[in-house]
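Before I ask anything, let me first share the structure, which is written out below as C-alpha cells.
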Amino acid sequence: MLGDNSTGKEFTITTFGESHGKIVGVVVDGCPAGLPLSEEDIQMELDRRIPANPKIVSARIEKDKAEILSGVFNGFTTGAPIAVTVENRQIDSSSYEAIKNLPRPGHADYPAHIRFGGFEDYRGGGRFSGRVTVALIMAGAIAKKLLSQFNVDVLAYTRAVGPVKADRKFSTEEIRKNRYASTTRCPDFGCSEDMEQAIVDAKAEGESIGGVIECIALNVPAGVGEPLFDSLDADLAKALFNVPAVKAVEFGVGFAISEMKGSESNDAYAMSNGNVVTQTDNMGGIQGGLSNGMPITMKIAIKPTPSISKMQKTVNLSTMEDASLTVNGRHDPCVVPKAVPAIEAAVAVTLADHMIRAGFIEKVLERKK
Amino acid sequence: MLGDNSTGKEFTITTFGESHGKIVGVVVDGCPAGLPLSEEDIQMELDRRIPANPKIVSARIEKDKAEILSGVFNGFTTGAPIAVTVENRQIDSSSYEAIKNLPRPGHADYPAHIRFGGFEDYRGGGRFSGRVTVALIMAGAIAKKLLSQFNVDVLAYTRAVGPVKADRKFSTEEIRKNRYASTTRCPDFGCSEDMEQAIVDAKAEGESIGGVIECIALNVPAGVGEPLFDSLDADLAKALFNVPAVKAVEFGVGFAISEMKGSESNDAYAMSNGNVVTQTDNMGGIQGGLSNGMPITMKIAIKPTPSISKMQKTVNLSTMEDASLTVNGRHDPCVVPKAVPAIEAAVAVTLADHMIRAGFIEKVLERKK
Amino acid sequence: MLGDNSTGKEFTITTFGESHGKIVGVVVDGCPAGLPLSEEDIQMELDRRIPANPKIVSARIEKDKAEILSGVFNGFTTGAPIAVTVENRQIDSSSYEAIKNLPRPGHADYPAHIRFGGFEDYRGGGRFSGRVTVALIMAGAIAKKLLSQFNVDVLAYTRAVGPVKADRKFSTEEIRKNRYASTTRCPDFGCSEDMEQAIVDAKAEGESIGGVIECIALNVPAGVGEPLFDSLDADLAKALFNVPAVKAVEFGVGFAISEMKGSESNDAYAMSNGNVVTQTDNMGGIQGGLSNGMPITMKIAIKPTPSISKMQKTVNLSTMEDASLTVNGRHDPCVVPKAVPAIEAAVAVTLADHMIRAGFIEKVLERKK
Amino acid sequence: MLGDNSTGKEFTITTFGESHGKIVGVVVDGCPAGLPLSEEDIQMELDRRIPANPKIVSARIEKDKAEILSGVFNGFTTGAPIAVTVENRQIDSSSYEAIKNLPRPGHADYPAHIRFGGFEDYRGGGRFSGRVTVALIMAGAIAKKLLSQFNVDVLAYTRAVGPVKADRKFSTEEIRKNRYASTTRCPDFGCSEDMEQAIVDAKAEGESIGGVIECIALNVPAGVGEPLFDSLDADLAKALFNVPAVKAVEFGVGFAISEMKGSESNDAYAMSNGNVVTQTDNMGGIQGGLSNGMPITMKIAIKPTPSISKMQKTVNLSTMEDASLTVNGRHDPCVVPKAVPAIEAAVAVTLADHMIRAGFIEKVLERKK
C-alpha cells in the first residue's frame, strides 16, 4: 500500500476498497479512446468469479454488480480514466473482533499489523482479502475487451486441485468452451467432478486445499516486452504474484528446463505459411524478455486457503504470548476456481499495457463502423 | 528497452551498455547518504561472476574493473546518484556478422529484430547479453552494502546443475562460507565436483545445461512489501525474471504447496525469546505480499545456455526461408555459476528498495564513528 | 489522460470523472496510516469552492457532498488507498450538443478533439472542465489534514481580479481568518467588494475576467525537495499549472528578480533564537530546488474564463470552415474565487508528497491518545 | 536526489555527476530506434554553453568533450539506453574547504546540508552546480535531433540582461540565425553589446545580474499533452524550474492575461490553407494542457548568480553563530547566456517525451535510405 496500489505504465490500474468496507473499485487509466465498452462486458467477467455450485464456495455469496462511473461516453471509451466499482453487501464482521489480536496463520494479519501500526482494517482480511480480486477482474474485463480487438485471447483453467490432476493436453477450443462451464474451471468435466469432490471432502474435514492453474495467451505478436527491467515474463510474473495465494510461477516447461540440454530446450525456428514459428514451445513464448509470437504459457501454484476451521496455533499480539485460534468466518475451502478469472485478469492487464508500450496498440482506436 | 531500463521506486537502478559496446554501467539513484562505499566493495561482487575454473566458463575472460564515477565523496555516499561502469575488453565480434539474419534459437535475436526494426546491436547478443548482469551485480553490491548495515544478508547458491542435484539441507554458515569457494557455487564441494563434470561433459558434446538456484534472505524485518501491486514476492519475482535464463520462480515450498492441506501449509506462529516466529517456513517468509520476519526463501530455474555448438534449425530473416545455423562464438556451457551473484543482486536491490519504502531504512544514515 | 491522471510519488492522487458524468472522484494512495480523517474534513474544503454570493458564480450551484469509500477505519486512515467521490447533480447538457463541432476558443475542445479522435466527452468540457478541481480539492483536504499534524499551513488568497489589485501586505492571521469570509477570497473586505463589482460588471457585459492568486506555505522545514528533477519549485509549478486557467507562476519576487543585483536578491542568513533564518525572502523559500525553512511564496496568474456570452469566431470541425459561436451554457464570469481552494490543494498535495519523500513524515503516524 | 534524478515517461533521462567529481553524464532511455546520432550532434549543443567572449564567463573554461558510451550502433540509435558523459577538467576545489560550514546565500548549500546530513559533496556546489546542466544539454541534443525528424524546432534566446531589455519582436529566422552568434544569446547584436557591457560592469563591481529568456517551440502538432496531471504546460514548467536559477515561468502573455477580458484573451480559431489556426497566441500555444498547433511560447526569469565577490552575511553551521563570507571561487557574473541552451534542452526533452506519449512519434523510426 502506501502509494503502491497501482500497476502498469500505459494501461494503468489503481485499486481501492476493503473486504468489509463500502465498495471495491478500480480506476483504469490509459485505455485507448474508441473502445466499445459496457457494464455488461465487465459484469460477464465478474460473474465468472462465483462457481455455480454453492457446495464449494464460501457462504458469502456476493451478487456483485459492476457500475461504470467515468470514462465511457456514448458506448465508447473516451481516453479519460475509467472508474468501476461494486458495492460490498452481505457483510458480517462479527467474527473478526474476537480475533483481532490473534493473527491467522497463512494470512497477512501479522505482517500487516506490524506494518500499519494497528490502524489496518482487520475485518475479513480488509485490504488483503481475496475480495480485492474483484477490482482486478473488472480491470481485466476492460483489458480483455481491448485485447479482443487485436485477436489476443487469454485463457486460464484449473490443472490440479489438491491431489486431483488433469494431466492430458487440452485444445484451445476445449479450454475456451468448457472452463467456465465447469464449477472448478477445469475443461475436463469428469476430472472437474473429482476436483469438486476433493473440495467437498476438504471442507468436511475443516480443511482447505490448493491447486495449479495454467494460463495461455494466444496471438500476442512477436516483440512485446521491455527488457530490462520490464521484461514481459517479469511483468507477467509480478502481476501473477499479486493475485492472493500464488506461490510459484513458471513459463513454458518451467522447472523441468533445468534438466534439459540446450539442443532440447531451444525452440528451433521454422517458416510456416510465410510466418516465423517455433516447432516447440519450451520457452513459453518468451525469449530474452520479449514475446516470440508463439502462445505464451504459464503455470501457477495456488496455496490452500489459509482460513480453516481446525484449531491452529498462533500468538496474542496484545499479550505477546502463545495462543490458539479457531477461524469461524465464512471462507472458501479452495480458492482455485475463484482464482482462475483473476489469473486471466492479471495476464490481460499486463498484456494490454505491454502491447500499448510496444506500439502494437494505438492510443486512439479507429471507430468500428 | 525504450524507457524501461530502470527499476525500483526509492532505491532505483538504471542500466546501460551492450555486450560488445564500450562499457556496461549502472546508475543507482536513491541510495541513502552516509553509506561507506568504495570501489573494492563493488569489485568483490564483480569478481564472483567468474568462477576460478576456466574449464567451465566461456573463453571470454573479462577482467572487469569497476569504476565509481559519481555519488561518493570522502568514502561515503552523498545521496546523489552513483554511476558505476566497467569497460568491455577482449571483444571479438567477428563471428556475429555472418549470422545476423539467422536468429539463434532460445536467444532474443528474433523478437528483438522485430521490435527494434533491425537497428538493434546484434553483436554478442547486444543489449540482451548475459553480460548486462555486470550492471545488475554492481548495483547489487551497493544494495548489499546498504543491507549489511541492517544485518540483512542475501545468499544464493546452486542447488542443481543439469541432472546433478544437491539435495541435503545446508546451514546458513555453510552457504555463506562455501558457495563462492566452489566453482559451481554449490556449498557441497563433493557435489560441486559432480556438477563441474556435468558442465565439462556438456561442453565436450557441444551442448549446454541449466540448473536450479536457491536464494535466502536473512533478517528482513516483518512488514516489508507494498500489496498490491508492489507485493514483496511480486517484486522479487519480477527482479528474478529479469535475470537472463530464469524460467521459473517459487517461494517457500513452491509448487509442492498445491498438494498440501491448509493445516499443513499454514506456518503457525509462536513466541520465541519475545519474538513472533513461525515454526515452519512453507510460505517462504512472505504472506499477503509482506515479509513475516522469517527467512525469505526462493527457488529459481535456469535454462541451458541457448548458445550451443551443435547445428540448429532456424530461419533466414532476410530471405524468409528455413535455414540452419552453427554458433561459433565463445559461450558458457552452463550459466548457473555466473547467475548466482546476479540472483543475489536482483534480490538485494529489491530488498533495499522495499526496506526504504517500508520505512526501515532512513534516507540519511547516521555516520558511523 | 491515457495513463496520466495520477501525480505524486509517495502521496499519490488519481482523479477520475467528467463534468457531466455520474461522479467526480479521487483515489489518494500513500497517505500514512493513523491520520484522523472524516468526511467533514473533506466537506469543509469542498464548501470553500462555492462563494456565498450567487451573483459572481455560475448558475450551476453544486451542493457537492463528499463520500469516503475506502481507506478509513474507525476514524483513522489505514494506509490503504482512500477513495472519495461526489455525485454530479443539476447537470444540463442540452446546450453542448449544438456546438460539439464548434470548438470554444480558449477551451480544450479543439486539441482534445484532435487527440481523442472525437471520442471525448464534450459535454460541459468533459474531463477538461474546471469541475475536476473538485477531485483535486478533496485530495488537498486530506493533504492539509496530514500537513496540519506537522504544523504546516497552506494559505492562498486573491491578489487581483481583472484591474482591481490588493496591493498592501497582509499578515498571516489576516489571510487565515479573512480569505474565505470574503466572496472573492481577498483578505481585504473593501478591496473584495471592488473585485466583486468588477466581476458583476464583466458578467453584465457578457465578458469574463481573470486575476492573480498568491499562495504561502508556512513552517515547511528546510531540506524538502528532490533536485533534480523533482525540485520542490518544479513540482509545485507543475501542480499549479495543472489547475485549469493558470498561465504563469513565480516564486518569491519572481520576474522582478531579473532586474536585481546579486547582493540584493540573495537572502542573507542569520541566526534567530537558535534557528537559521533569512532576513529577506526574495527566493520564495526555495533554493537549489530545496526548501530553506522560510515561508514558501508563489504568485499565480489566472486567465479570464474562456466561456463568454459574446459571439466569437471559431471553425466548424465537421465542415472545416470558418464559423461563429455563442456559448449559452452556465459559466462563471471569473474563476479566481473558485481557483483559490484549488491552488491551496495543489500546493498541499505537493508538499505532503515531498515531506514524506524527504523523510519528514513517517509512513505510520503515532496514534494520538 | 534519492531516486529522483530522472524525468520523463517515455523519453526518460537520468543525470549523474557533480561539479568537481570525475564526470557529468546522462542516460537517455526511450529514444526510438533508428535515429541517426553522432557525438558531433551532441558536441554542437555542448559548445553553445560557452559564449565566445571570455570577459563575461567564469574563469573555468571547460573544453567539454561528449562521449557516447552506449545505445548507438552503426550511426543509429538502437532503442537501448544511450549513456553520454563528459569528463570534468580544470577542477580547483581549494576555495571550498574554507567555507564548507558557511553556506553561500542564494545557493543550495544550507538546505542541502540539512537534507543530506553533511555527506553532500560541497565542492563547487557539488550536485547542485550549474555544471549539471551539461547533462541536460546532452540529453537535449538527442531530443532535438529526434524532434528535427518531425520538423519541430526549439529556439530560446535572451530577452533581458539585468536592466537591458530587447523589446522588439524577432522573426523566427532572426532568432535561429543570430542567437548563438551573439555572446549573450540575444538575436539583436546591438542590444547584445549593451547586455555584454552590463555583465562586464556587474563583474567589475563584484556583483552579478539576472535576466529573462524567451523560448518558442515551432510545429508541435495539436493534441500533445496529458491533462491532468501531465499537462504539457505543467511538464514544461517543471522542466524549466529544474534549470538552476529559474524563478518564474509564463506561457503566452503570462501575467498580463490577468488584466485582459475574455474576448481579448481567447485566441479565436480560423481556417488557413485548410488548417485550423488561431489568429492570436495569447495562450502560448497550449489550452487545457494540450498543444493547439500554434507556436508554444514561454518566458523565463533568471536570477542573478548567487556567487558574488562582495562580502555577505551568513551563519556558521558548525558554531551556529552569525558569520560573514566572501566567495572567491570562479563564477559567472551572469548565467543567462549559459542558461539559453539549457532552456532549449529542457523544452526539447519534454516535447520529445510528450510527442512519443501522444503517439506522434513511433518507437521505431523508419530507416532513412
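In this document, chain identifiers A, B, C and D correspond to the written order of the chains, with residue numbering beginning at 1 in each.
What we mean here is this: a contact is a pair of C-beta atoms (placed from the backbone, for glycine too) under 8 Å apart; a residue touches a chain by one contact, two chains touch by 3 or more.
All values reported here derive from a predicted model rather than from experimental measurement.
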Pair of chains joined by more contacts [C-beta pairs], B-D or B-C: B-D
Label of the chain whose CA centroid is most distant from the centroid of subunit B: C
Between subunit B and subunit A, distance of the C-alpha-averaged centres to the nearest whole Å: 27
Whole-Å gap separating subunit B and subunit D, where each centre is the average of the chain's CA atoms: 38
Rounded Å distance, subunit B centre to subunit C centre (Cα mean): 46
For subunit C, residues contacting two or more additional chains: 1-6, 9, 15, 115, 127, 358, 363-364
Subunit D-facing residues of subunit A, complex: 9, 358-359, 362-364
Complex contact set, residues of subunit D against subunit B: 1-6, 8-12, 14-18, 21-23, 25, 27, 29-30, 32-34, 69-71, 73, 76-83, 85, 115-121, 126-127, 363-364, 367
Subunit A residues touching subunit B - in the complex, by the definition given at the top: 1-7, 9, 13, 15, 103, 105-112, 114-115, 127-128, 132, 160, 162-163, 202, 205, 207-212, 221-231, 233-235, 237-242, 244, 247-255, 257-271, 274, 276, 278-279, 283-284, 287-293, 299, 301-308, 310, 312-315, 317, 320-322, 357-358
